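Both complexes shown next keep chain A, but they swap its partner, so chain B is in the first and chain C is in the second.
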Partner chain A sequence: MKSKSIFKFMIGLYLVLFFAYMFLPLIFMTIIAFNANDIPQITPWKGFTLMWFGELAKDDQMWSALWNSFIVAFSVVAISVPIGLGGALLLTRLQFKARNFVYGVLVSPILTPGIILGISTFLFWDSYMDIPGGLWTAIIGQSTFISSYCMLLIMSRAQRFDLTQEEAAFDLGATHRQVFWKITLPFLKPALISSMALAFMQSFDNYNTTLFAIGVEQTLPIYIGTKLRSFISPAMNALAVIFIILTVFGAIAYEYRRRREMIKAAVKIPPEPAAQVLGM
Partner chain B sequence: MGQDVELLDVSMRFGEVYAARDINVHIQAGEFFSFLGPSGCGKTTLLRLISGFMDPSEGQIKIGGKDMRGIGSNNRPTAMIFQNLALFPLMTVEENIGFGLEVRHVSKAKRTKKVEELIELVDLYGTGGRMVSELSGGQKQRVAIARALAVNPAVLLLDEPLSALDLRLRNHMRAELRNIQRRTDVTFIYITHDQTEALTMSDRVGVMSIGKVEQVAEPDVIYNTPKTAFVASFVGETNIIQGDIIRIDGDYALLKTAWGSFFCKNPQHITKGETATIFIRPETVFLAEESTAENVLACRTKTISFEGAYAVVTLTTEQDQLFTMRLNNDGSVPKLQEGEQIKVRFSRKNAFVLKNGGTPIA
Partner chain C sequence: MRDFWNTALRDLGKIGIAYISVTVGVWVVFMIIIPQLIMFDYSLRPMLPLRELGGPKDVWTLKNYLVFFTNRLHMAIFFKTIWSSLIVTLVALSICYPIAFYLAKVARGAKVGLLMLGLIIPYWINELLRLFAWQIILADMGILNQLLIFLGIIADPINFRMGNGAVILGMTYAYILFMVFPIYNVMESLDKNQLDAARDLGASWPRIHYKIVMPHAKPGIAVGCTMTFMLAAGTVAAPQLLGSPSSFWFTQVINTNFECANWNLGAAYATVLMLLCVVFMFMMLKLFKVGLKELTQ
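What follows is the complex of A and B.
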């Protein structure tokens, strides 16, 4: 009896520590965003304020970095998802001897440190191709490893695809293009959507690769990094609070939708048994 | 309307292995034709060759008199029903059936009309708006049939589509398929390893062993007068006795076997002195009367399993070989005990001798 209550206590303690570890920094950071203190600290508390949000809104550099981040992220999605799709289709349906080798090559960027990807992208384009670093090189550099993520994600669904469905469609008179658009792509749609989301988020908060590949331009993470090195302002906390709120709302909306669909599916009338249909 | 399918010297090679070799079959327009054979005999390969998923290594396939080489399966007058049905899971029943028309850019109004007709033909009334996953096994089967018929194929290819169903539903669908075939007049080419399925549904059956067609004939001809030892042993239950031919008597031969000497039909006209195999169907074996002199076999009953309309009796001889007899429950059969010594007979008309091995005769 006693060992059971000790066990319960330990579990409780573990959970408290776990959540404290996860969330205390976020809570502190959020509180600081509303403290009218020039230095980002909780104490001394100099009163509640929204001035850091106002300051953030006036920061032109932040806006241009945010805009750049969106340009880069959307471009990375536009490049990585098709490349990932191509790789996934290639690896799931063709049985050729070099398959494992090709797989290794396509996945290797994930295992390569981001800094190396960034530096090599910059060197290649800047020094050898005479194209100076900028958003363009950042997009290329990020896409190298984000395409691999997309490929792995799409592959896991493509592996479950029943190829006879394509044969059936083809047999019914569809062209290869029609088979792809009407049969293959709709099946892969969930994986394509999640790989888009993944690619967007991977790109949006990438620091390592971007820092070295981007030259003199800035995306949001680079801007924040630079800011934290030069002078520290609670405006950065305000920015972080905005992102936390957006993330939490996104998660809640997703969960709400998922539950509603689950209920919808459960309410549906089950199909009649075979015997009844056949009139037996 | 159905079209005829001609296979002329068709061979299909994968590397060094022949999946089909020198196949020559002419399937008539509007015929229900089955390829029957054990798994791995190349019957699915044959179906895929006709449907156009691949072209034969050698030989020619003609549909409606037209050579099909180089014509993709989307441009052939065939439609296939796959073993796993391959219905499109993200579409409703109507969308599945209408798919072939949609990709051919048939107008929405015409499409709807055709889909409605087919739903009625295959008896799927009221399920048009449902998703495929919401249907029962038999209903899925019907969707697959309707989807294939929607494109007005001249030839419908069926790759063991009933194998996943339970026995009762399978029997029902057999009758249904046969019915649909008669109503639509489309040529049906059916692949199966189930002899009952092939015999009950087909106009003609092609029995296949490894990569070869052994015999093409009507179901009763296949069963009653198999051309080769392979056909005789693959189609239906049969008793086998090895022996040497010691005398030829017109269409009959006398064989000396370890169990005694027996007269039987000799359709291959095997000559005296050769070793061959006698085939006897269990339902042509009867209890011997005192007066019987020819083709009598002394043995002991081993097991008797009573099935209602008939009883299956397994017998052992002195050489400990098994022999099966099927006795009709017509009231004339005395009650047998297990382990009893009895004598059985068979008529020389119902037994036949064939060359050993599976080589077909001309």
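What follows is the complex of A and C.
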């Protein structure tokens, strides 16, 4: 009994240490954002201030980088989710011999270092399409691997799809278009929404691929990277705080949604008869 | 073949098949395969002034690769990158294994959700900002030095940015969560009764892990290691932000080549990095005896 409580204590200690390791750096970073000291450090503490947020807001470069990040991220969503859906349908709905090989090709971008994707995309578009590095090459470079993530996410739901629903609809005379819009798509909807969110965040955070593909333009991570390499101001801490706040809200919303879905899946609402769905 | 098309037509219709062909076709051909081939092609050609492109000198050669294999410094950086990435991978694995096991098999109810949230939040914060946090901690007048001086352990600040330590530390922090989630995912599917049975039969915890948990978690461990190694060897952010001139990373060498406008040499170096990651992945697959299919579940 005694050894068990020691064991429990050890696990508790390990968890505390692990989460301290995860969160303390972020907490330090947050505190510094409010220190009126020019150097981003906690000590010496020169009083509470919000001036670094003001400084950040005055930086035009930051705003244009942010704007670029939004353009890139929305474009990546618009490209990656449809491609991911195509890949997921191909791998879950069709049976063919080379399936494992095709699967390997389609997930290979995830297993490729980001800078390789950036470099190869840049070289391809620059020399063969006469489009120099810029937002477009960044969008394509990012979409190459983000599509794989979207595909895996959509696949994991598509695998649970009950094919008899579609068959019933076909038997009742539904067309392919009707079946897709009324049965397949609604079933895949949660996965499509999560893959949109995932694609957006992956794109918004991407540094390695973008750095090599984007040429002289800047997205937010490129801007942060440039700033952090040259002159470090606590304005970067202010930016980090904004990121942390958004992430915390995002993560809570995501976790909430995931749970709700899990509960829904656990209850197993019987699928509605196809005829009813089609309104016949 | 005919059966395949008939079934496909019946299930997905013409529009469905056209949709899949176009999306996947564009992706595979124009985004995955051709750019890689072009990078490889670049790596095999010498750097020439614009007017000589396509001329008699523009032929395939292994010269760029020879430059790499004969440059002692670059070779040393290359092996250092491999070595350091292996350390990052191993440290991440040993830290994450207990966390993943705890989350998957020991913790229950609301606690799991809370801990998961605790993992997701740092995971979603920009890589650069996570590295920036360590930049602050490890700076000459940073938190760690201040703390050590305050405690009287050292008299003068230590330059933590010398050597590779800071880069390795920062990378472990930045990529550790790519190790937790894959291992957690496979451990979750382990039947808890197996653990209880082994325990009842008197197996010790190390034995249970060695004989039951680890074999079950193999695919997850393989994914986690492959991802972490690939991220560590392939990142340019961590050495840029945490490194010093003494801790040059292979990706930085590639970057320098591009900054010096020698795209051909850069492409050759990038190809070498690509090969390294492919070799590592297949070694992992072989070592853990898992298939590519299981690797990316």
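Rule of thumb we're sticking to: the second predicted complex is superposed on the first by the 245 of 280 C-alpha atoms of A that agree within 3 Å, B and C clash if a C-alpha of one lies under 4 Å from a C-alpha of the other, contacts with A are read in each partner's own complex, and residues count from 1 in each chain.
Just so it is clear, contacts are C-beta pairs under 8 Å (C-beta built on N, C-alpha and C of every residue); 3 or more make two chains touch, one makes a residue touch a chain.
Predicted model, so just to flag it, every value in this text is computed and none were measured.
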item: Which partner, chain B or chain C, touches more chain A residues; value: C
item: Touching partner for A:A174 - first (chain B), second (chain C), both, neither; value: first
item: Which of chain B and chain C A:P109 touches, first, second, both or neither; value: second
item: Chain B versus chain C as contact partner of A:I232, first or second or both or neither; value: second
item: Chain B versus chain C as contact partner of A:I32, first or second or both or neither; value: second
item: Touching partner for A:T164 - first (chain B), second (chain C), both, neither; value: first
item: First (chain B), second (chain C), both or neither touched by A:I183; value: first
item: First (chain B), second (chain C), both or neither touched by A:L89; value: second
item: Which of chain B and chain C A:R259 touches, first, second, both or neither; value: second
item: Partner chain in contact with A:F18 - chain B first, chain C second, else both or neither; value: second
item: Chain B/chain C common contact set on chain A; value: 170, 175
item: Chain A-touching residues of chain B, taken from the complex the two chains share; value: 51-53, 72-75, 78-80, 82, 84, 86-88, 90, 99-100, 103-104, 130, 134-139, 147-148, 150-151, 168-169, 172
item: Complex contact set, residues of chain A against chain C; value: 11, 14-15, 18-19, 21-23, 25-26, 28-29, 32, 39-43, 82-83, 85-87, 89-90, 93-96, 100, 103-117, 119-121, 123-124, 127-128, 140, 143-144, 147, 152, 166, 170, 175-177, 180, 201, 205, 207-208, 211-212, 221, 224-225, 228-229, 232, 236, 239-240, 243-244, 247-248, 250-252, 254-255, 259
item: Interfacial residue positions of chain A with respect to chain B in the complex; value: 162, 164-165, 167-175, 178, 182-183, 186-187, 268, 271-274, 277-278, 280
item: Partner chain A, residues of chain C touching it in the complex; value: 4, 7-8, 10-16, 19-20, 22-24, 26-28, 30-36, 38-39, 42, 95, 98-99, 102, 106, 113, 115-122, 124-137, 139, 141-143, 146, 173, 226-227, 230-231, 233-237, 240-241, 251, 254-255, 258, 263, 266-267, 270, 273-274, 277, 281, 291-293, 296
